[in-house]
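Below, chain A partners chain B and then partners chain C, in two separate complexes.
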Partner chain A sequence: MKIRKFLYSQRVAPYVFVLPFILSFCFFWIYPLCSTIVMSFQDILPTRTEWVGLKNYKKLLIDTTFHQAVINSFQYMLLTILLLIPFPMAFAVMMDSRLVKAKGVWKAFLYLPALTSVVISGTLFRLMFSEYSTGQLNVITGILGLGTFKWLKVKATGLFALVMVCCWRWTGVNMLYFLSGLKSIDGALYESAEIDGASAIQKFRFITIPLLKPTTIYVLTISIYAGLAMFMESYMLWAGPDSPNNIGLTIVGYLYKRGITKNQLGYGSAVGLVLLAIALVINVVQLILSGTFKKEEK
Partner chain B sequence: MESRKSSSLDKLGMNKKNKILSIFATGWFALLSLIIVFPIFAGLLASFRPGQELIRKGLSIDLDVTTMTLNNYLYLFSGNADSQKYFMWFKNSLMLTLISVVGTLAVCYLVAYGLSMYEFPLRNFLFFLVIATMMVPFEILMLPLYKEVISLNLIDTTSGVLLPGICAASTIFFFRQYMIGLPKELLDAGRIDGATEYGICFKIMLPITKPAFAAMSILCAMGAWNNILWPMLVYRSASKFTLPIGLNTLLTPYGNNYDVLIAGSMFGIIPVFIVFLCFQKYFIDGMTAGAVKG
Partner chain C sequence: MKKKLLATILSVALTASLLAGCGSSASTSGADNAAGTDVATEEETGEDAAAATEEGEVAEGEAAPDAVTTVGDPNGTHMEMWSFVELHNTFYASMLEKWNAENPDRTIEITFTTYPYADMHTKLLTSLNAGTGAPDFCDVEVGQFPNVVAGVDTWLYPLDEALTPYAGDLVQSRLDVYAGADGKHYGAPTHVGATVMYYNAELLESYGIDYTTIKTWDDYTAAGEKLKEASNGEVCLTSVDTAGVDWLWLAMSEYGEDWTGGFEGPANVQLESVKNMLTMQQGWLDSDIAMVSPDGHVDLEAGFQNILDGNIASFPKALWYMSRFLNYMPEEAGKWALAPCPIFEEGQPRSVGIGGTGTVVTNQSSDPQLAADFIAYAKCSEEGAKGIWETLGFDVCNSAMWTDESITHAPNNEYVKFFRTNPYDILNEVKDEIGKISVVAISPTINEQMCNVTLNDVLENKMDVDEALQAAQDVISLEE
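Then we have the complex of A and B:
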């Protein structure tokens, strides 16, 4: 009875409610995070575990395959940011105007790709980027008079295919983010700007873009993370973690190959922690540059 | 959104009832939609042709109706070994999605309830931890979690797939943002009426949180239905594979199973499409909640 009264008291109840999170946080976040940090200083063999100090990290410094993976992930991230912020933003502004008719239909169509699993979209793109002249992309380049390409065997076109999968899947979603950001802008601002004689471009530049900033920062943040951590898209396009000359190898792909395929948990952990460091640094720099921290201090 | 009096382009001063501009803008989105639908449409057409053609020719739009047959779908529903395998994956995916949605929503609702309805010393710190977990991509924890799941003997079990993700930070975040705006007076009113803290949570607050449940259940369901990386690591026996894992096993260089692969892929999109068409509004609410407030 006493226990019951204790558990039902107003002071204890909130802790009962948040208990699942505390447990999950300890078991599935803090523990694995610490264990991956520990493992990154170890060599984990089937029979014994050896402390090797910084050996794994030193190896990463001279591991050219890893460097290739980092470069690939960075290129992919930068390209997806360049394509998946300005265009969806422009589409959202267009979509928000009264010029566009039947908005619901177009929004539904643009959103469709996000519903398909990466397995299905990856398979479709793998087959579209087929090196045969009858593959869809080669049909298109054929019509344009560019000849045929071995899309998934060359670095530049392979990266293009990866970026295309990403744009195909997320353009509509990012547009929705910007649309909901536009909804929160106060119309009175545009009216007063109009009275002051501002042009359409000035209004876009000095009202729309600054007030969309929270949305832009959000989209940028998730794009940085998703871009750096991309793996399954590449896995599907090349039907596995291996690609010719590692043209489709990403950081997480390398982590998977080392940690899971080759069962080198120590080395794989080091790869993961380097990725985490890169992601955090980029994100913090991005948030400082965009002034997000300053705003919260007020 | 459509019914609003003014919109941003109008506010920019482009509202000149310009019909040509309107046709151009609408046409642009029609073209964009066409490009977007293109791969799925090509896949749909291909699903009516022998799978061998896919491996020989790749995927492209081929509108020749005379070469189309229903054979792939007849094979898929024939009840033979391949067909049985496919529907086993389908059933596994449905089950995993169902359990995952119910479990995630129940847990995340409770946690968010605690974080938003009470003032207690650790509240802000715990909410900070929720945000912190979102800062580390899952892929980084994949290796240690894999090792942990093996040592907990949860490998090849549904618990092993579900437990690490059941306290989804983004879902807690969404519920918390939704509930923080609800009137706290309801709690006191409930207490005066003699309800316990848990009674208030389930009988008073749960019903008014329904819209948040609708948005999150759809988002969680889509995530669970399409998830592959973690289930692929945890599930080992072929009898437990979900649809994405199963379809992935068909993607062999020999292409001997492409009939099932292409027809099965197309058929596998259908449940998600139906749910999307029925609950489009909730989809969009759930998706965009983080962007506006975060």
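Then we have the complex of A and C:
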């Protein structure tokens, strides 16, 4: 009888339903987070662990390689945001328009890269960007009369390669987000705008963009985090966390290098926490500026 | 009643779907990333191994990342062995059969597992740290060795006693590569990795250059000038590396220097040898005698292509690079010759040992003494050395075999057939000149700084050598 009462209790039910999530959240997120915080104040040596206070953080302040990694991640994040919001939005609008034929095919084409393994695509991109004269891009620039480039050895072209891999991979995914946003816009709005004599550009500017704002904010938020936390693309493009003059080193790449390759888990933890702090601050500021929190208050 | 039953079933279904929802939402949003990383650790490593391990026949490790086989006497002591190269395991298995036949009272059964390169080293470190789950034996790549040997006695079982029967014939400097801070030896070496000069004799002859007359770096530079003129600048004498330190190791060995400073430290990269080598290389690049190795060094796809295209006529590399010719450049058969490396001044040693795999015995082994005895037999006895040369094509550490012409000059050996000179003739010639650069805790940091920054600055961006080395020293000192 008690069990039945428990099962039918309205007060308990919500907790029962969220329990699986809470448990997995605690086990896989809260616990590692706490132990990362603890570890960032330790030197974890083979066979023993020492408390070192703020040593790891002090070292981060003077570690120029880490600074380089932060700068790289920022530049990458900014570039991906600049490219991965307008273009997917434009593609989504095109996919939603009546003028485009064979939409399914286009959508599939754009989404396909997201399904391929970064390991394989990264390796292929690495070979394409090879500095040797037979590398695919050097063949193309050769035909165009531009000569050959050392793509993955120079900062500008290295960043270009990274952003290209990223756009190639994520354009389709972001397009789908925008597409689902577009589907929720009431068609009647466009009709009435048309009756009022609005042009296509005006409709896009005054109906589509404002009504897509929630989607845009969502895409922006995940893009900021994904940009800062990027690892795989750079790891695959340079076949490891090392790149010439560290042009491809990202924060997570540095974390991997310190924590895993060099077995300095304490220092690696400090790097990870700095990444968390940076991503949190940027996203909170961004969400406040875009008014996301205000809406909830209403 | 029916209603209640229905309600119960519905709520169960709801909970189940919620749970399923949890799982799937996690895998779509947070991510794609998590899934991606998993795949990476499994697949990237094959690539990684090919690039980083500096050993032959890595392709096998790549093809079957998780091969597990059990070999030996089922009634003997059971042991576990991990490697990142399947061919190594195959070789140990063949030695195990011989061991069991010779030692009927101490038979062993071993389960061999081949993991991808990075996976295996991470797994080993984790299990050593945890104090449980480590295998009895494990192959450790020399670049990773400092991490593993950091736990000396608590993690590993010293092999000194087991190596005693063969010690007289073994190349001491190779054993010392796998020594711990306590002076004991923890790894059984696979090869010497003696660095020699690879010359494309056919190409050089066609331009009237005789590589055998090159004794010093000055001779080498002069040959480069001659080659440039004869070929109208189409063929470079060599390519210098921006992502590898072999040239610098060679220079250090010639001057008897060591940038790690050994176990005592401190590390110092501002050495005469390093400065001279880098300055000389800058000069070569300025006068177009040399080119920068495409993609950073010669042990990569682009490097192989560069050799195949006949763009470079020589380069220094350890003897294990022979297997790269057999595996990736079979068209080059009969063209290449091996020779001792040029030197800066008369009387300097002409080689250095580079790369390698040390097999360790962990303290978690069920019978570490037996394990040590077996691995010493398998890798360091004459019998083992013969097997290593024949199956893996390496310059073995047991020097007793070097003079056995029935093995080293065997006419049907594919390595003997491929090159114009016999690798063991060269090895015997430089026998007492093979230097050793220590691999200690600071080594990965030095390597990384050189390959990521310094060499690029000096060779690609034409930075002043002293300035670049000072910058490197500052970073390295910070890590000590």
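Annotations for the structure displayed:
Following the convention adopted for this analysis, the second predicted complex is superposed on the first by the 272 of 298 C-alpha atoms of A that agree within 3 Å, B and C clash if a C-alpha of one lies under 4 Å from a C-alpha of the other, contacts with A are read in each partner's own complex, and residues count from 1 in each chain.
We take it that a residue touches a chain if its C-beta (ideal position, glycine included) is under 8 Å from a C-beta of that chain, and two chains touch if they have at least 3 such contacts.
Keep in mind that this is a model prediction, so the values were computed, not measured.
Of the two partner chains placed around the shared chain by superposition, neither chain B nor chain C is touched by A:Phe66. Applying the stated contact rule after C-alpha superposition, one finds that A:Leu127 touches each of chain B and chain C. Touch criterion met: A:Lys153 reaches chain C, while chain B stays clear of it.
Judged by the touch definition given at the top, the superposed model places A:Met232 against both chain B and chain C. Of the two partner chains placed by superposition, chain B and chain C are both touched by A:Phe21.
Touch criterion met: A:Pro46 reaches chain C, while chain B stays clear of it.
Residue by residue along chain A, chain B and chain C are tallied for touches, and B comes out ahead. By the document's definition of touching, of the two partners only chain B reaches A:Trp106; chain C does not. After overlaying the two complexes on the shared chain, residue contacts for A:Val119 are found with chain B and with chain C alike. By the touch criterion defined above, A:Phe204 lies against chain B but remains apart from chain C after alignment on the C-alpha atoms of chain A. The residues of chain A shared by its contacts with chain B and with chain C are 16-17, 20-21, 24, 117-120, 123, 127, 130-132, 134-135, 229, 231-232, 236, 239, 260. In the complex of the two chains, the chain A residues touching chain B come out as 8-11, 13-18, 20-22, 24-25, 27-29, 31-33, 35-36, 39, 91, 93-106, 108-113, 115-121, 123-132, 134-136, 138-139, 168, 171-173, 176-177, 179-185, 187, 189-191, 194, 199-200, 203-204, 207-208, 214-215, 218-219, 225, 228-229, 231-232, 236, 239, 252, 255-256, 259-260, 265, 268-269, 272-273, 275-276, 279-280, 283.
Here chain A touches chain C in the complex through residues 7, 16-17, 20-21, 24, 45-47, 59, 62-65, 114, 117-120, 123, 127, 130-132, 134-135, 150, 152-153, 222, 226, 229, 231-232, 235-236, 239-240, 242-246, 257, 260-263, going by the rule given at the top. Of all the residues in chain C, the ones that touch chain A in their complex are 11, 14-15, 18-19, 22, 26, 29, 32-33, 36-37, 39-40, 43-44, 47-48, 51-52, 122, 125, 128-129, 147, 150-151, 154-155, 242-243, 294-296, 301-302, 305-306, 444-445, 448, 451-453, 456-457, 460, 475, 478. Only residues 1-2, 5-15, 18, 21-22, 24-26, 28-30, 32-33, 36-37, 39-40, 42-43, 46, 54, 56-61, 107, 110-111, 113-115, 117-118, 120, 122-123, 126, 129-130, 133, 135-148, 163-167, 172, 191, 196-198, 201, 222, 225-229, 233, 243-244, 247-248, 251-253, 261-262, 265, 268-269, 272-273, 276-277, 280, 283-284, 287-288, 290-292, 294 of chain B touch chain A when the two sit together in their complex.
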